[in-house]
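Read the structure below first, then the notes.
Chain naming follows the written order as A, B, C and D, and within any one chain the residues start at number 1.
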Amino acid sequence: MLTLHVEYFAILREQRGLTQETLTTTAATPTVLYAELRARHAFTLPADRVRAAVNDEFVAATALLRDGDRIVFIPPVAGG
Amino acid sequence: MLTLHVEYFAILREQRGLTQETLTTTAATPTVLYAELRARHAFTLPADRVRAAVNDEFVAATALLRDGDRIVFIPPVAGG
Amino acid sequence: MTREMITVDLAAMSFRISSSVLDPTALSRALADERAGACVTFEGWVRNCNEGQPVLSLEYEAYALLADKEGARILAEAHAKFPLLAAHCIHRVGLLQLGALAIWVGVTAEHRGAAFDACRYIIDEAKARVPIWKKEHYTGGTTAWINCATRGDFAGDTR
Amino acid sequence: MTREMITVDLAAMSFRISSSVLDPTALSRALADERAGACVTFEGWVRNCNEGQPVLSLEYEAYALLADKEGARILAEAHAKFPLLAAHCIHRVGLLQLGALAIWVGVTAEHRGAAFDACRYIIDEAKARVPIWKKEHYTGGTTAWINCATRGDFAGDTR
């Protein structure tokens, strides 16, 4: 089991109803964790439209998560 | 013979030493008139680098000049 | 990653997120440079309409830590690709009204070609890569996170 | 000529020659438009160096009557080619010091692509077509009318 800190922004923050949480999970990668969270919280965005950042750097969807990581799922951006 | 008003700008104004003059000429086109003026005043710009405007519109180098026309020879531009 | 290895004059570039009103006059003034022959700026303004829907206001939200890093990378890439003197970019967050300045990009160079190309590069990359999100508030009272619609939103399926 | 037949909203475009200092803040403010999502500006500044020669100051001279006509034609062409909301251009004449603003072009559009393309079109065409001339004063005391050098100038032949 990993203990992870998850932060939410924008549409995910609204759908989750909070800005961050700490959770324990067996998910080893962002993809698996997102699928778990999406099922639990009814996130509308499919996994292929969400990127992941760990400890404030973009990572691959299949990167291995480590205990204590801070992870952010990034909805499609729309700055400018 | 035509009576023409010639205005000078930029390098031609400096080389001619005045901003405008009225002259009579047998030149029937801007090309012929420029050749005449260039020979008389030692303009450095060759004819193929000078455009002509008559009565504040660009004209072809071979346009026919009419009595009373106001003509400007336009050195290579360099705005901006 | 190769993009981490670009070396540029750091004083000549900055990417910032701002929660207060942007002042384009002050931002331009900071670009003054007697070596520069060209200054190109891009301003993104809040429009009163998006894809046919009348817009009342906008909210921008940023993942500031990563936005700053990605913004700085984009500016460094622009410096590496084009012969620039300076390139700055600043993005508003928070609630913005119609006509408000949402993003400002300013680039100086000796010649205009590089200034235009770099300014365009920076705004295109910023829109595509920097983690900033836009929520539109429409006159009818509805809202939408831009680019986040899914087929389900349109079909009334909230899956 | 076809370019005379373009019809555009004349309030949305102006070309001007100015013998006094340009104020980019006031010029930008005149572009404010709630339909606009993008504003691109180009500023041409007096550089301290041109082709390796240290420049002290510049003089711009215009054939104003024809410059105004040709400038207006360029703006009308830009409106016809690109989906713009407004396009303005103003050019200084007289003696300018280092860093001074020589030309300002400002374009607004719903989307940035048109604003960038039109701004670039206007400055490129203005430089190529509008009868304005530039005389550079160098630190050594010499001067030159830009683009007016002939082979003779370089060879010391004043023919």
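Methods note: contacts are C-beta pairs under 8 Å (C-beta built on N, C-alpha and C of every residue); 3 or more make two chains touch, one makes a residue touch a chain.
All of these numbers come straight from a predicted model, not from anything done at the bench.
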Most remote chain, CA-based centroid, reference being chain D: A
For chain A paired with chain B, centre-to-centre distance based on mean C-alpha positions, whole Å: 73
Interchain centroid distance [CA atoms averaged], chain B/chain D, Å: 24
Chain C and chain D, separation of their C-alpha mean positions in angstrom: 26
Multi-chain contact sites of chain D, meaning residues that touch two or more partners: 44, 112, 123
Contacts with two or more other chains, residues of chain A listed in rising order: 80
Interchain pairs in contact, sorted by label: A-C, B-D, C-D
Footprint of chain C on chain A - complex, ascending: 7, 9-11, 13-14, 42, 44-46, 49, 53, 56-58, 72, 74-80
Residues of chain D touching chain C in the complex: 24-25, 28, 32-49, 98-99, 110, 112, 115-116, 119-120, 123
Parts of chain D lying in touch with chain B, wherever the complex brings them together: 44, 60-63, 65-67, 69-70, 91, 102-103, 123, 126-135, 145-148, 150, 152-153, 158-159
